[in-house]
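The structures considered in this document are given below.
Next come two complexes built around chain A: one with chain B, the other with chain C.
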Partner chain A sequence: MEIFLQLVVSGVALGMIYATIAFGYQLTFATSRTLNFGQGEALMLGAMVGLTLVLMGVPYLLMIPFVLLFGLAQGLVVERLAVRPAMRIKSEFGWIMATIALGIIFRNMAENIWGRDDLKFPSPVSEVPLQFGAVRVLPMEIFVVIGALAMMAAVEFFNRKSIYGKAVIATSNDRDAAGLMGINTNLMISLSYAMSSMTAAFAGILVAPVTLTGATMGSVLALKAFAVAIIGGLDSALGAIVGGLLLGVIETLTGFYIATGYKDVPGLVLLLIVLALKPAGLFGKTAIKKV
Partner chain B sequence: MRNAIGAIVVLAALAAFPLVIKNPYYLHLLIVIGIYAIVLLGLDIVVGYVGEVSLGHAALFGIGCYTAGVMIFQFGDAAPWIKSWGFFLLVPMAIAVTALFGLLLALPALQVTGPYLAMVTLAFGTIVQILINEMDFLTNGPLGIALRKPDFLAMFGAKGLVDATRDVQFYYVVLICAALSVLVINRIVRSHFGRAFEALRDSPIASDCMAVNVYRYKVYAVVVSAALAGLAGALYTYSEQYISPNTYSFELTILFLLGVILGGRKSRLGPIVGAAIIVYLPNLLSDIFLFRVLTAFIAALAIVIVASAFIRNAPDKYNRLIPGALCVAFFPFAMTLESVTDYRLTIFGLMILFVVYYLPDGIIGYLTKTFAALRPKREAADTGEVVVDASTVWKPREFEAPDGVLLNVKGILMQFGGLKALNNVDILVKRATVHGLIGPNGSGKSTMMNVLSGVYQPTAGSVQLLGEEIAGRTPSAIASLGIARTFQNVQLFGEMTALENVLVGLHHTYETSMAGVMLNTAASRHEEQEARKRALSILDFVGLAKVADEQARNLAYGQQRLLEIARALALDPVLLLLDEPAAGLTAPDIKELMRIIERIRSEGITLILIEHHMDVVMKICDTVTVLDFGQKIAEDVPSRVQSDPRVIEAYLGAPADAAA
Partner chain C sequence: MKSSRFVAIATAAVLATTLAAKAEDIKIGLSGPYTGGSSSMGVSMRDGARLAVEEINAAGGVDGKKLVLIERDDEAKNELGVQIAQEMINKEGVVAQLGYINTGVALAAQRFFQDAKIPVITNVATGTAITQQFKAPDYDANFVFRISAPDSIQAKMITDEAVDKRGFKKVAILADSTNYGQLGRADLEAALKAKGITPVAVEKFNIKDVDMTAQLLKAKEAGAEAILTYGIGPELAQIANGMSKLGWKVPLIGSWTLSMASFIDNAGPNSEGARMPQTFIQSPSTDKRKAFIAAYQKKYNIDRMLSPVSAAQGYDSVFLLAAAIKQAGSTDGDKIRLALENLNEKLEGVVQLYDKPFSATDHEAVTSNIPVFGEVKGGRVVYAYDDDKTASSKLPSKLKQ
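And now, the complex of A and B:
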């Protein structure tokens, strides 16, 4: 029972990382019905830039704003190079392939800049676990949960309270109508990509101290985060958190009770099952197609 | 015919290759190209014809590889025949196993489309790679499996007669397999299966309403595609003589997709060219000098293109600056590189971006577009003498209509959130009548059409066709029962010809299975002939026979509307739903339309007609139902409906004195 509790607690931190990335998917999907297939690379680049800064002697907390800015810029590049041209020619195939292509370019660049080996990201907080009864919790895990929640809360706050956020929501509800109301919908889509990559980059520096940092760290995380986004529904932030926690816990349990090598399998199988039974996700609304 | 001669020449040249070039390196290169070509041809069915992105084909390929590999690894020592004659068992087995996995993937995955499907197939690919790695008791895990190519000549006791190394023998095996793949795919895409694939890509909703179940045909496409990946996989295992899990990565999937889109979709030549490029590319990239020359050339080309845009003062000249500058900047970057191999993925990525935006039809597509002479001739409808006789157009369905009632709609409620688009509507449609459905905009007419054709599932109420409950059934099931429809916003299969559009409507007349199509049996050829005759006579019926070979998207608007009617008639309907057929038509076109509707009725087909042209409604309808705000406000013969005060009020508002 204690082991079980311990595993659940570890799963929560991982789950919050998934939730943050999934949240990033939701942001761009809301405005433009597109996703960045290179979201994992946005995360990886965030971690890499963060690591570089930390190794240069910049304190962890001071490094965060730089990484966030970098994430914003990276998102703008993705939107500009991969998404906007495809939206102009109305090609779904186009943006899927283009974001994949940019993703592998980023990954390959990172391999050439930072090498192919995994690096250790120094933990910003003490690495001595805290004891809560029988359960031990790493301070970094607590930091991850708080950081992820804070990030999502900040973006939600921005979306709900600021006039830009209202424009983003208007764009997500009806792009044509928003455009007619004088909202620059292209700008809103750019903004959503910038914010999406920013959350991913932030997730990168959150997850890096608890795992290893390397050029390939993002791809599987991003894929599982997509599973989370589907399980939770692509339009529900709460769904992303619930889905993330669910998957994080299932994964640590699988890793312990079955075999570490299989820990990625349940999430992906869960994705297949949810799509087969309820494609709109557990929290999503089923859309009605107009003829 | 010209294509066939070309194919024979190419095949002969390829067959002669090992006799001329003895270098085993090039032979191996050609073998791998052949194997990749088989994968890409299969992938093209999904990407090109059905129009979905699959990121799972590396995994399917891997399953094919490992089916053969695992059998040899597990049983090869106990039963040595597996290592030789086993080839003829293992290849079909790999095809079957991979097709089965394709089915397992397709059944849940094809519930969704587009980005969802891409992600799901990616998840499938990741799972497969993990499993191959982890299940070492079965697959020997990361250590991989080693084996040898079979020596066919020795097996058949022909060692002394012909002299050929195992590699050369295997080369011919791959050549035969690739040629057969091309042949089989050609037959499939030209059959009713191929038309169904293309149709569901152009308009899924119209396909479903033509009794072509979109989901089912997508599953077929993925399974065929997987079977080819399985064949290629088994061949790859023999060709490389060693397999390990790392091969079947995301990178390979991307390479496959790059091959298809770079070569050119929806063709046989495209994937083959694509395969040649993606196999040869790594060799090219290992030569730094050649690579620098290539980047210099690309930079020069980019400068020329951008400069010419500025000289011509093209409106999109600033849009070209960024890609142009990137191409130029790439050259000094290439000069600083020590080795290109490290940047292989970047180059693949750049190629994908380039192809997606500047070469969307691929190399072959670009060539055929630019040089019209290369364009394959559309197969002319070789139908012989066409009997232009309305009686051959339909074999009107034999059916009993008790009390002459064809359709009985009772208490239909269709709710979208809080909005009741249809509220407790009853409609009774008598056999062989034209039943009008009118009402102001937003009164629920089109919603009713969608309920009747199964596009919407009504919240409550019943729809009975000849006493059989159809509410809640899928559109394709309802279409099979004999309800055909047209659409308010035309939903033709734009890239297909008028004749092919009607042939999709005739899909229900085909009985040949996939196997029959692959073997091109006499029955299947006969069936196709009959269907083409019938399709042409239907086109003639609506007056479109002369544009039979024209692409639907190139037809005039009025012709497109008539083509939709023709396609619907091909279903042999008992009930035909026409959703604003006269919208946007000119006066002479409307007259022609009314004549056609009269003739359809005289064939014993019942019609429900939504129309805003009141003169049309009043002239040809036997009964008219009026909807307003989702409720039925009147139902009678046209003349009485016309003078019904509630109808007048719905259309024109209440008179001023009544309001006062």
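And now, the complex of A and C:
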């Protein structure tokens, strides 16, 4: 039982990492029906910029706003260079290749600036694990869970309460109608990309002390998070959390009870089952596409 | 799609080497990963080789000719290694090839040198198969030599240390899912079997895995008294950090990669006490070693070498090749190979005293008596045993059969 609990706790911490990245996919999908496949690189750039600031002597908490601003700017660049041209010519798939290509460019840039070795991100909290009964947790893992939830809550609050947020939601509900109501939908799409990369950059500095920091840190995480976004549903924040926790916990449990060599398999099987039975995801709204 | 800065540097480097290489210079190919996850080994190897070339040229070169290194970054990618091999042979016309950090790259690329009859001295890669690929009787002559410690020797040392010296009868193996990790795991299992021991757990992990809880809990539940590893720096660090998180501390013993800076730096205090076979430890135990370490520190302006083993073997490989060229009196590949197989000079290196390091049938310079156990202490790799430290003032030499 103790082992089971320890596995679940570790799985939850891992799952929350996936959930924060999956949340970033959802933000852009809501407004523009496009995804940023460079989400992993946005996360990596956030972590790298954060690490550079921390090494320059900026305290962790003071560094956060700078990284958020950097994420905002990076998202705007992605939207401007990779997504808008594809949307203008009404290309169905152009943005897929464009965001992937931009991601590769960002990764190569990071390799040239920061090198390719994995670096240590100094933990802002103690690295001595806390003990709850027989279960042990790193303080940073708790920090990840709280930080991720706080970030999602903040974005949801912004969307529901602020005028801009309402415009974002209106755009995501019906882009043409929102446009007719005088909402600048292009601006809203830019805004959603900026927020998406901002959440990814924040996720980067959250997870970096637990994982390692390097130019390739985002690649595997972003792929798993994409699976989480599909499992949970691309238009539900709750779906991202549940999907992330599900995948994280299943991974660690499979690793222990079946075999560590197979730990990635059940998550992918789950993905296939969801796609077959509920294509919109566990919490997704089934939309009927009229042609 | 590199940045323009990279292109500028590359162009400058190419220009510099073309301008520097005159017709009478001796061109030596040098390739390894100078960027990427194993770059700490590649860069240290390159820097060691550069230092050796500088010293040889300052002393008048080989038979009055200067040595010139043709350096290429293989990024630890097999296909790039192949490309570079062809470039070295057909475009640069190198007389010999040094390098290779990654077993996969070595196995993919060395075939071209073998076909062109150009000798290769592998100075870091450890895969057991490397020197066996072109062995007699299938081939008339084998052009691949090695001065690093093959995995078969390392696996035996690791199990000797765990089972015989420290008395652990229940051990778990944690290996990554790459060729390196899985071939090493097979070597470890074979070495344990020879002692009549079956590991209590054999677990796998992937490159870039961030959570090792499941693997470690399995080992812990199986009652493992020590963990034997075959992986590279970043994931090894996740294992050490994961153990600290679970509040479970058993000795970590593994292949020489436990000396990688990316393991020690990322695991911090959790890396303390990890032990691994090493052919060289950054310690000035002989005059030659003292001079080498001092020159290296001065030239590259560092205190701790990123990978002392790679630096030392990179340095030695140049001197071995120079001695062979001198003895051959020629830069013909076949003559250099024959000279390496019958080297008359007793060459004092920093790893060992090269006394007939190779023969026609044996292309491994390292035998089981040469590596010692290193241990991570205070963020550095030091001698694990005082006996080895005392004995280190006398250079070891290859065992004679």
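Following the convention adopted for this analysis, the second predicted complex is superposed on the first by the 275 of 291 C-alpha atoms of A that agree within 3 Å, B and C clash if a C-alpha of one lies under 4 Å from a C-alpha of the other, contacts with A are read in each partner's own complex, and residues count from 1 in each chain.
One rule holds in what follows: contacts are C-beta pairs under 8 Å (C-beta built on N, C-alpha and C of every residue); 3 or more make two chains touch, one makes a residue touch a chain.
Quantities reported herein were computed from a predicted structural model and do not represent experimental measurements.
Participant: Can A:255 be said to touch chain B (first), chain C (second), both, or neither?
Facilitator: second
Participant: Tell me the contact category for A:7 with respect to chain B and chain C: first, second, both or neither.
Facilitator: A:7 sits against chain C, while chain B stays out of touch.
Participant: Does chain B (first) or chain C (second) touch A:131, or do both, or does neither?
Facilitator: Second partner only.
Participant: Applying the touch criterion given at the start, work out whether A:104 contacts chain B, chain C, both or neither, answering first, second, both or neither.
Facilitator: Both chain B and chain C are touched by A:104.
Participant: Check whether A:220 is in contact with chain B, with chain C, with both or with neither, and answer first, second, both or neither.
Facilitator: both
Participant: Of the two partner chains, chain B (first) and chain C (second), which one does A:112 touch, if any: first, second, both, or neither?
Facilitator: So A:112 meets both chain B and chain C here.
Participant: Could you say whether A:279 touches chain B, chain C, both of them, or neither, answering first, second, both or neither?
Facilitator: First partner only, chain B.
Participant: So, A:210: does it touch chain B (first), chain C (second), both, or neither?
Facilitator: Touch status of A:210: second partner only.
Participant: Which residues of chain A are in contact with chain B in one complex and with chain C in the other?
Facilitator: Touching chain B in the first complex and chain C in the second, residues 104-105, 108-109, 111-112, 219-220, 259, 261, 264 of chain A appear in both lists.
Participant: Okay, in this complex, where on chain A does chain C touch?
Facilitator: So the residues of chain A in touch with chain C come to 3, 6-7, 10-11, 13-14, 17, 104-105, 108-109, 111-112, 115-120, 127, 129, 131, 136-138, 207, 210-212, 214, 216-217, 219-221, 251-256, 259-261, 263-264.
Participant: How about chain B: which of its residues touch chain A in the complex?
Facilitator: Checking each residue of chain B against chain A gives 47, 51, 53, 55, 107-109, 111-112, 114-116, 118-120, 122-124, 126-127, 130-131, 133-134, 205, 250-251, 254, 257, 261, 322, 342-346, 348-350, 352-353, 356-357, 360, 416, 446, 450, 455-456, 487-489, 491.
Participant: Give the list of chain C residues in touch with chain A in this complex.
Facilitator: Touching chain A: residues 1-3, 5-6, 35-37, 39-40, 177, 203-206, 208-211, 213-215, 217-218, 221, 233-234, 237-238, 244-247, 261-262, 265-266, 268 of chain C.
Participant: Once bound in the complex, which stretches of chain A touch chain B?
Facilitator: Interface residues on the chain A side: 34-35, 37, 81-82, 85-86, 89, 91-94, 96-98, 100-105, 107-109, 111-112, 219-220, 223, 226-227, 230, 259, 261-262, 264-265, 268-269, 271-273, 275-276, 279, 288-289, 291.
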